[in-house]
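Consider the two complexes below, in which chain A is the common component and chain B and chain C are the respective partners.
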Partner chain A sequence: MFTIDQKAKKFTISLMIIGLIALIYGFISNPHGAWPALLFNTYFYLGISIFAVFFVALQYVAEAGWSIVLKRVPEAVMGALPIFSLIMLFIMIASIMHWNHIYHWLHEGIMDPANEHYDKIIAGKEPYLNATFFIIRTIIYLLGWNYFAKKLRSLSILEDQSVGSKIHSMGISTSAWFMVFFAVTSSMASWDWIMSIDTHWFSTLFGWYVFAEWSAIGFTTIFLFTLYLKRMGYLNHVNENHIHDLGKWIFAFSLVWTYMWFSQFMLIWYANIPEEVAYFTARLEVDNYKFLFWFSMLINFLFPIILLMSRDAKRNNTRLIFVSCVILFGHWLNSYLLVAPGTLNTHGHIGFTEIGIGLGFAGLLIYITLNALTKQPLETKNHPFLDESKNLHT
Partner chain B sequence: MQKEAEIRDPLILGNKTYHDITVDVARPVEGKANKYWWILFSLSLLLFIWGVLCIAYTIGTGIGAWGLNKTVNWAWDITNFVWWIGIGHAGTLISAVLLLFRQKWRMAINRSAEAMTIFGVVQAGLFPLIHMGRPWLAYWVLPIPNQFGSLWVNFNSPLLWDVFAISTYLSVSVVFWYIGLIPDFAMLRDRMSSTLSPMKKKLYAFLAFGWSGRAKHWQRFEEVSLVLAGLATPLVFSVHSIVSMDFATSVIPGWHTTIFPPYFVLGALFSGFAMVETLLIIMRKVVNLEAYITIKHVEYMNVIILLTGSLVGTAYITELFMAWYSGVEFEQYAFLNRATGPYWWAYAIMMTCNVLTPQLYWFRSIRTSFVATFILSIFVNIGMWFERFVIIVTSLHRDFLPTSWTMFSPTFIDIGIYLGTIGFFFTLFLMYARTFPVIAQAELKTILKSSGSEFKNKK
Partner chain C sequence: MSTKTLHGIFDDEEILLSSVKEIRANKIDIKEVYSPFPIHGLDKALGIKETRMAITAFIYGCVGLSLGALMIYNIMIIDWPQNIGGKPNFTFYHNLPAFVPVLFECTVMFAAHLMSITYLIRCGLFPGSSEKNPDPRTTDDKFLMEIEVDGDISKVKEILAKTGALEINEKDD
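Coming up: the complex of A and B.
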């Protein structure tokens, strides 16, 4: 059984305290800027925790054998899903209650032809972008994701005590249903929470782009927890082959993200249609964002492709940890850029509020994950592919 | 040796030994062709010849021989081009991506899938070539100095990117395919009698590059395979992404949409796996490979078809939704017209064959049936042809100027060239099935003791 050591406990609690201070400081000094900071951080960490559910489901439907010895790790990461779901729900309720100005389309009178703020294009989106339907959708996504997370976790625990492959096949069918649900809701959630900030703008690729980002940071997080446990002397069956496989996923999905980034950017840049290109000019022609825009893309792409290309690199823990930290930081910056220009116009900047909330949420995620790891034995039993995983050789 | 879980189904049936595998794979090459082979071959050859005549007529008289007009100035040619390129993609995924994922089931099907890739790309390549009107000047698409006759190529054009993407793709695919063939050619060389068939023996000896099966040979073989898989994997994405950019970089409603690159890649894999199934379900019967290409292989491919088909479906719906959500009336009209305009039937065929019928694979009884799979794979082939037709023709036929609104009708030359490429494709595939080891037997033998039915039962 895993136990949290005092050092980790102190570390995560201090992170959470920093987060709390940043939150209070932000909302007192500049509430208009604190809401976007809260939103993009929630987007980032909710993404990590929902991706952990996806990871577990993916192993089931793909009949993957390699990952079984570390499957308690993603299961623990998805323990953070309920809390980040609640925070997201809170932000969305606050938005429709007009406690903040994140969503331009919620602006008073914007869909009313008689009002001076009337915007014809935004009014055309009313059947989709209206407060009631919007909040109902958010509740459906979050309830669904949490339901599947709970179900997959309980099946995994049940499997430890059972014989035969009945629980395993239940896991496969639950995962298949989750995949269907997630394929639709992950895209829609990204349109609702993020894309509708820049209300006029639209991009068919946006949902898959967000999915690729969640995958990249999700794999990275799962890897970091696995390695931490290994270093603390747990997970004896995890060896360099499993680390190598996780490294491959980090490498692959960093590149998938870059591919999505490039597809979206290049096509809009090339066609140069004013309605679409406005999204990028809001980022590229503002000094606050221009550097971050290129910088976050470049580090998210160049570090993994150069430093993780070779086989040896993916078996080198120091190298992997370094690249993982760079990727997490790069995607965190990119998440900021998804939210800030649309909400704060040209006035956004990364300060104590943004960083503090980010660190606080990191503390929350780490604490919940470590706590979830103490609840069940790290060694799983009775999984039909367990032997394959123990004898993995790549 | 790798452990394999008991609940995994065997991938080689019928208690085969190493020698049985050799004999089974060599049989179609060493024996005589049966009646079915000759019937299929004659039909394909006739179609091919008919296609050649239509191509000759086009080159002789000009592109006016096709049904194109001023509004619909791109139709079957580019539809067929994209369709064939897409079909090739499954081969690369099976050979490269599944190798990186260490999927053992790829070994029974990778050889034929790669052959299909190469033959598919050959068909695809014909269309831009014919469309040039003067194919003898085809070298003008290469970036060569002006004194060779052309002006410097336009690097801003995605059509030029296509030239680079597809020629890279074709060369990597051929090299990958050939490297895998070397040990199997050596097997055929060693079995050929030098007195009964000296020419054949010499030929296979030449093709085998002096392979001896030494440990050093194997080590290099595996290293090269991995490197080539690493090179081919980005190509799975890049080729069809660039094909999609032929459309998506434009400002035509229905063409310009950011989801196109990944959505084209998924569609390509979808159609490619369907074609692999169409070919292999016939081939396993004709050349008696039922023990190697099993229902489990087909089931795995069906799962991939279900996945990619559903993702393509979500992309269709996303496009429809975003067209409405964008508030751009041209976008909105383009999609309304696509679904309910004069070409509604093409849209309906596309939706039915690509999104609805693959959902039948949720039922285990259907995805583990050869007959159902064969029928559904034909559906996918048809549906994916119509997808390209819908994207291309319905976006063009009602352009920004209502006076030039028109319809497209193919001439018999259009139809003849398309059928001709199908004939050419099957001619090549049938010749391949008689002269090449159609299963990567050397690789397959490496999993006999972990995934063969006899060894699974012993555990």
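Coming up: the complex of A and C.
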């Protein structure tokens, strides 16, 4: 059984205290800027925790054997899903109650032809973008994700106490349903929560882009927790072959993310249609964002591709940790750029509020994950692919 | 003393793999193993050096990238600059995003084709080359281990039989 050591406890609690201070400071000093900071941080950490569910489901539907010895890690990471879901729900309720101004299309009178704020393009999107349907959708995504997370977790615990492969087949069918549900809802959630900030603009691959980002940070997080547990003397069956496989995923999804990023950018840059280009001019023509825009893209691409390309690099823990930290930071910056220009216009900057909330949420995620790890033995039992995973060769 | 070649035939890759380990533990060199499909862990058990294919792939990719850049630079900037949607067309770096797909495809094409060709040359496979396979059954469901022995072959035969070879054929060189 895993126990949290005092150092980790103190560390995560101090991170959470920093986060709380940043939250209070942000909402007192500049509530208009604190809401977007809260939103992009929630988006980032909710992404990590929902991706952990996806990871578990992926292993079931692909009938993958390699990951079984570290299965408890993603299961613990998805323990953070309920709390980040609640925070996301709170932000969405606050938005439709007009406590904040994150979503331009929620402004009063914007869909009313008689009103001076009337916007014909936004009014045309009313059947999809209206407050009632919006909040119903958000609730459906979050309830669905949490339901599947709970179900997969309880199946995995049940498997330890049962014999035969009945539970395993139930896991496969649950995961298959989750895959279908998640394919639709992850895309729609990204349109609702992030893309609708820049209401006039749309991109057809935005859902994939967000999914690729969640994958990159999700695999990175699972890797870091796995290595932490290994360093602490747990997970004895995890060896350099499992680390190698996780390294491959981190490498691959960093490149998928870059591919999505570039596909979106290049088509819009080349076609040069004003209503599409507006999204990039809001980032590239503004001094606050210009540097971050290129910087986050370059570090998310160059560090993995240069440092993780060879086989030996993916088996080198130090190098993997370094790249993981870099891309977590890079994707965090990129999440900021998804939200800030559309909400704060040219006034956004990364300050104590943004960083503090980010650190606070990191503390929350780490604490919940470590706490979830103490609840169950780290060694799984009775999984049909357990032996395959223990004898993995890469 | 004459050199003799022994062919041990197996019908299971697990048995073959343990046999390979056993024979190498007895300090006997295995010349080659023929198999209808790749066997995981066999290259390690045979003590074969790690492939340098990855390095060639990297070099070929770099070659493709450079040649692609040279080609598109020559076509779109030097030889015949065209006004496409008002995009800048007198400098390479201004137009770089539009060239990325070309560079990417050139990299992939060069790496893939040159790697295949390298592989074929390394294996001695070219149009009209004779077959290297001593027994056609290894393209179906049998595995063959080839051992060259100087001198006493009975000991090697014994180990082969003990570790599960179905038949052992002897051949004079």
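A few comments on the model shown:
The working rule: the second predicted complex is superposed on the first by the 394 of 394 C-alpha atoms of A that agree within 3 Å, B and C clash if a C-alpha of one lies under 4 Å from a C-alpha of the other, contacts with A are read in each partner's own complex, and residues count from 1 in each chain.
In the analysis below, a residue touches a chain if its C-beta (ideal position, glycine included) is under 8 Å from a C-beta of that chain, and two chains touch if they have at least 3 such contacts.
It should be emphasised that the depicted structure is a prediction, and the values quoted were computed from it without experimental measurement.
Chain B and chain C, once both complexes are superposed via chain A, clash. Contact with chain B, but none with chain C, is seen for A:128 once the two complexes are overlaid on the shared chain.
By the touch criterion stated above, A:310 is placed in contact with chain C alone, chain B being left untouched.
Residue contacts after overlaying the shared chain place A:270 against chain B and chain C alike. Looking at the shared chain after the overlay, A:341 reaches neither chain B nor chain C.
In the superposition on chain A, A:47 contacts neither chain B nor chain C. Between chain B and chain C, more residues of chain A are touched by B. In the superposition on chain A, A:36 makes contact with neither chain B nor chain C.
With both structures placed on the common chain, the touch criterion links A:363 to neither chain B nor chain C. Stretch 206-214 is the one of chain B that runs into chain C, the other listed stretches 206-214, 278-286 or 332-340 having no clashing C-alpha atoms. Residues 266, 270-271, 393 of chain A lie at the contact with chain B in one complex and at the contact with chain C in the other.
Those residues of chain A whose C-beta lies close enough to touch chain B in the complex are 63, 65, 120-121, 124-125, 128, 165, 168, 180, 183-184, 187, 200, 202-208, 248, 255, 259-260, 263-264, 266-268, 270-271, 273, 275, 384-385, 387-388, 390-391, 393-394. Residue ranges of chain C in contact with chain A, taken from their complex: 40-41, 54, 58, 85-87, 97-98, 100-101. Of all residues in chain A, those touching chain C in their complex are 262, 265-266, 269-272, 309-311, 393. Here chain B touches chain A in the complex through residues 2-8, 100, 102, 234, 237, 241, 245, 248-251, 256-262, 310-311, 314-315, 318-319, 322, 325-328, going by the rule given at the top.
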